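Note that the chains are named A, B, C and D in the order they appear, and that numbering of residues resets to 1 at the start of each chain.
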Amino acid sequence: MDFEYSEEQRLLSETIRRFLATGYNFDARAKIVASPAGHSDDVWAALAEMGVLSVPFGSEHGGFGGTTIDMMVVMEALGEALVVEPYLATVGLGGQFIARAGTKAQQDAILPGLIQGKTKMAFAHTERGARYDLAHVTTRARAAGDGFTLDGEKCVVLHGGAADLLVVSARTDGGDTDARGITLFLVPRNARGLTVTQARGVDAHRVAEVRLSGVTVGRDAVIGAEGQGLPVIEGVVDYATVLVCAEAVGAIKYAHDATLDYLKTRRQFGVPIGTFQALQHRMVDILISYEQARSIATLACVKIDSGDDVERRRIVSAAKIKIADAARHVSQEAVQLHGGMGMTEELKISHTFRRLTMIAQMFGDADHHLARFAASK
Amino acid sequence: MDLNYSPGEVAFRDEVRTWIRESLPEDIRDKVLNYRELTKEDLLGWHRRLATKGWVAPFWPVEWGGTNWTVVQRYIFEEECETAGCPPIVAFGVRMCAPVLLRFGTPEQKQRFLPRIYDGDDFWVQGYSEPGAGSDLASLKTRAVRDGDHYVVTGQKIWTTLGHYGDWIFCLVRTDATREKRQEGISFLLIDMKSPGITVRPIVLMDQGHEVNEVFFDDVRVPAANLVHEEGKGWTVAKYLLGYERMGTGRIALSKRELVRVKTLAARTRVNGGTLLDDPRFRDRITRVEVELMALEITNLRFLDQLRRGDRPPGAEVSMLKIRGTEIQQAITEMMMQTAGPFAHPYRAVDATAAFDTFTASLTGRYMNLRKATIYAGSNEIQRNIIAKATLGL
Amino acid sequence: MDFEYSEEQRLLSETIRRFLATGYNFDARAKIVASPAGHSDDVWAALAEMGVLSVPFGSEHGGFGGTTIDMMVVMEALGEALVVEPYLATVGLGGQFIARAGTKAQQDAILPGLIQGKTKMAFAHTERGARYDLAHVTTRARAAGDGFTLDGEKCVVLHGGAADLLVVSARTDGGDTDARGITLFLVPRNARGLTVTQARGVDAHRVAEVRLSGVTVGRDAVIGAEGQGLPVIEGVVDYATVLVCAEAVGAIKYAHDATLDYLKTRRQFGVPIGTFQALQHRMVDILISYEQARSIATLACVKIDSGDDVERRRIVSAAKIKIADAARHVSQEAVQLHGGMGMTEELKISHTFRRLTMIAQMFGDADHHLARFAASK
Amino acid sequence: MDLNYSPGEVAFRDEVRTWIRESLPEDIRDKVLNYRELTKEDLLGWHRRLATKGWVAPFWPVEWGGTNWTVVQRYIFEEECETAGCPPIVAFGVRMCAPVLLRFGTPEQKQRFLPRIYDGDDFWVQGYSEPGAGSDLASLKTRAVRDGDHYVVTGQKIWTTLGHYGDWIFCLVRTDATREKRQEGISFLLIDMKSPGITVRPIVLMDQGHEVNEVFFDDVRVPAANLVHEEGKGWTVAKYLLGYERMGTGRIALSKRELVRVKTLAARTRVNGGTLLDDPRFRDRITRVEVELMALEITNLRFLDQLRRGDRPPGAEVSMLKIRGTEIQQAITEMMMQTAGPFAHPYRAVDATAAFDTFTASLTGRYMNLRKATIYAGSNEIQRNIIAKATLGL
């Protein structure tokens, strides 16, 4: 047992943080959010340059071969700075399908470009009415000629508008919520019949609706085994869930630090408000939530690499429950203790509130994971 | 003890209900029920309809337009308005400035301002908070210097709700900075917002809505006739007003309506082969809020009943209604957002062609917006301080 | 609408409280609890004398003909003083079956004596494994000669040891948890084949196990219609539930007052601990719980008299949920704010904690009533 | 970062597990697992077995009997003991008095007391709290007046856990009442409880158990050789000790064992045609506690890891473990009581013939008893004050 970050991990953390401190301060972020694309290609290039896009991928494709704890280092930093670039969508979701289930040809074709920052990806899966049920797929893929024709509609696709390549789930067999019969397809953003409309998320991340109307792809677009997509999806979504848990730890840390700072500097009735015992005790509870969130995220990052699917589901749900609760507790308290200022666009704390709120909902809210945890053994 | 409506009260309820059904414009109701922004004209338009009917200021003295309703009738009226989706009667004129004028105003001030407040001729707003003051109201810095028969006002107010609609603003200002006790040397002024030297600047909140403002005063000349009560006695006025300010913040009838809405949304949301409303996890959260609200309604009525018997302005009791009422409002908006599941995420369409669900998106906006409820009108922490001191004697 | 107690109710309240203030102070109560019977016949006689036993019963039997609000006045006072006499068991449970479903002969035979303090009653219903399911009755009543023979075992019978007369539920028909087939019987405490063993409850109220082994009763022992007992049981138990809600309001009031007093008088670090803001805010939350508990109990007392069964179930469950939550919140906080002293036998607050804990569990805990409330419409 | 046990650690765990299985008497284990009272002999008997094995004081220096285990080994050892249902090693000697002697004691004091503590020859208890002092330790009033080579001690201690078993008691006493700062003039004394003038009186708690006491000192003569550290420096000793006192209060391994127990009980309890464990209402409460405990275990290990690296005595971090650990313990005992449903009510048999279920009755007793957990060893309010000051700098 060992709880220290390795030298490499510390270096990675410092590199990212040094960059974000200057290149991604609050004003810089506001400009990026307001830009037409909603993310910055310069920042993306810088992330590639620093090797941040390479962390989880194998060295055979130019990757760093990192563990999920390495990814925790990255996600925490991104969470603290509220980075809105499509890192999770590309590295944590889209790229994972290729790395885990792609053919060598797919990997060779995609991963190097992804790592170099040339290719962005997204995972088009959620459908209207599915809520958090990963098996709910009504989008159809019909065999046609040497490939497939895809028809359907995908919603709330994280950074679907920025992606060059989409991983799309579609049903090649079975009923709307059957576990079997889901197949994963690689679809270029510019495929004929594919339309993407974008929305800005509450947290300034972009999300998209993706409509597929007679989109044709070749056999080589299939990722993994036909009809066997669900276990792959579950694995990748669990992985992404753990990543947003780690991201939340960073955002919670910011909320903690900013609130503590506010309590020390903001004066009312002639004294810093941090001298009021009722607020002190609530600040302590924020600290405890933060430490507990860090612990559970750490545990999940370590355990998800263990390869045991049952244990993975249990720990991922445990982490998401605690992170959702902590995100809710800390974000609400941070705004409350900031008073009116915490409600405004002008302070980073309100943006942190928004991101934490969305992370709590993302990939299953606490209720969803409570049910999954209860069913896990 | 009898919690049932009397036949007369039932008849009154039916009268109100019928009148609202016939009088509330469809488009206004839709805006209210779907959490869309109300324009100044929307708000004043509804105000004027009520004024014409004679129902805009039930608790005023009859000679100024009050209805002489019982506590129960007033409660029924508010409940019917909220349930039907009427716009709120903006409180700053009718519920805040007017009680102050009725209590402290000169006959001339009453004659000049009350009928216009009643008729909705002016949109009133409140100039209380200042940057850095927050809940510590008495630390206000905006100065008013007497110059002949005027005061010259310089300073800044913040969190002025609907300040961008404002025709008039009532302000606490410091007329004497030499007093040792900070509560002394404060005065209560009525200021025409068309006066030269006033600038209103929006504060955008995290739901990206514009409802609060900063108001800057730069050598604004205010006739001394607009001073309410004596110079330096503004704190007395402010304290009197505080109870009234908090009076409406429980918003129980609104929460009842919204709770029905949550249930409707949850019943429509499929999860695990059933609906979200059947899911014990979600359902129990609704139930606990519903039960708390049932209790709070009775608590509210009990307090109103006590006020009526004691014939005194609202005191620390309303702090309790404010605390629990706002906690309930927040819990409801949070559950509403949760019904949206993954669809809580998209907030504003980027592409004009997007099939964008503005109603669902508004749920997250409401959740964010309502975080203000435990902060404004005296944060819930301040309310707890008030109860600890005034009710518990700690 | 009117929220004031009537002159009569105020008088009733004052009479009881004046008696309890002297006759039932903390020391007097301790002696009663430690006595072999676990309750005081003198106190019982005094309650009869004051008319407290007569409140809900009709004037034709010498009763006061009171509403449930009148009973709230009584229960609140008993709750504040932590009275351990079998008032609920006799007046709120046993006697209710006679008043609601008994024949005129049964009423004439029993109620006057009950009101005069000569007859104590209890309701023997709960069985092992039933938890809070009122339809779970395995005790059997078989027709035998001109009457019935009863066999079975009843548990946690409130004040079963003190009762002269027991109302016993037994199955004349149907399976163990069927709604139909439950019949109510009047069984004298000294019936042959009936054995009662007593335990002292956590809250110093006595509870009993009642074993029925070939107990024979006549046809005239049946209360209400044969096989139709469940709706009567549900009505009486709902009534008793509302009564313990009102009792809880009294106990919560005591906990509130005692804790507030402690905060004002107990000094630490040179000042009263009530000057610490964190404790002030928690004391405010106790006050709010108290006011909310009072409101919901009042509502339930008024509505239970309305005669609408659906509404009754909904409101009773609502009240029990809120009372259980408030009882838990206030009892735990009161002990915590009293510190070590709150843990001891020596202070009334620890006894109040115990009673509130039991009331929270009694006639269905919050979970049970959450489920019932959700099913109510 | 590696949270898995190394092969060596796994082997160590197996060794501990095997030894406990072979060494822990069945009847003692049953008492522990069924929440029955442990006698002095039960406690010391187990202590002596561990002492014989050499495992009774793992974190002492090796020369005094320490094991030189790593943080992880110590954690494994505690986990195995708790899981198996071993009695606790009573903390007052091994975990509290001994660290003080090791840090502040004279060579003679070490030589005299440490081996006896190790071997379980004496039962040590703690004389800290006083009536009216509570969490405000420094307001203590028990006097010790120097008289030749003795101190004469007069006063009263309260909440002395297992004081009725005590052979020796370590006390904070006031040796100089003239000092302005209350923290000054306090000294740390070791007192033989067989000394004339000591009276122990039980305090019955609301679960009706006897575990805490009042201890009265009436002109008790204590050899000056029993003063630890300098006269008047008792507060330094007390502060040093506080971290150690709280160290064990998180009791994570115990909570893990008890959580399994709750699940077992819930799985046996029928409700609505299923079991209580399948009921989402009950199950979610268990899950949230389970998840909190999973996190706290890691938090604990992280802190231990930091302590090890920093090589310093426990500070404010342990306050966090105490707060959350005791909250979890209380939540578990509350759920256990809830599994009993109506059977939470009967507590003590009145009639000897009663078929009385003592185990179920003990659940309510445990719930009541554990309310102490957030009060003792520095109330959780005091712990929050400590964190606010020491960790947050507020």
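Definition applied: a contact is a pair of C-beta atoms (placed from the backbone, for glycine too) under 8 Å apart; a residue touches a chain by one contact, two chains touch by 3 or more.
All values reported here derive from a predicted model rather than from experimental measurement.
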(request) Could you figure out which pair among B-C, C-D or A-B mirrors the A-D interface, over half of its contact pairs being identical by residue number? (result) B-C
(message) Farthest chain from subunit C, going by mean C-alpha coordinates, please.
(response) A
(message) Rounded to a whole Å, what is the gap between the Cα centroids of subunit B and subunit C?
(response) 43
(message) Using mean CA coordinates as chain centres, what's the gap between subunit C and subunit D in Å?
(response) 39
(message) From the mean C-alpha coordinate of subunit A to that of subunit C, what's the distance rounded to whole Å?
(response) 54
(message) Can you pull out the residues of subunit B that are in contact with at least two other chains?
(response) 279-281, 284, 381, 384
(request) Please list all residues of subunit C that touch 2 or more other chains. (result) 276-278, 280-281, 370-371
(request) Can you check the complex and tell me which residues of subunit A touch subunit C? (result) 276-278, 280-281
(request) Provide the residue numbers of subunit D that touch subunit B in the complex, in ascending order. (result) 279-281, 284
(request) Would you mind writing out the residues of subunit C in touch with subunit D in their complex? (result) 38, 126, 129-133, 155-156, 161, 197-203, 205-207, 209, 266-269, 276, 278-279, 332, 335-336, 339-340, 342-346, 350-351, 353-354, 357-358, 361-362, 365, 367, 370-371
(request) Sort out for me which residues of subunit D touch subunit C in the complex. (result) 129, 132-136, 139, 158-159, 203-206, 208, 212, 269-272, 279, 281-282, 337-338, 341-351, 353-356, 361, 364-365, 367-368, 371-372, 374-376, 379-381, 384
(message) Considering only the defined contacts, which subunit C positions touch subunit B in the complex?
(response) 1-6, 9, 69, 260, 263-264, 274-275, 277, 280-281, 283-285, 287-288, 291-296, 298-299, 302-303, 318, 321-322, 325, 370-371, 373-374
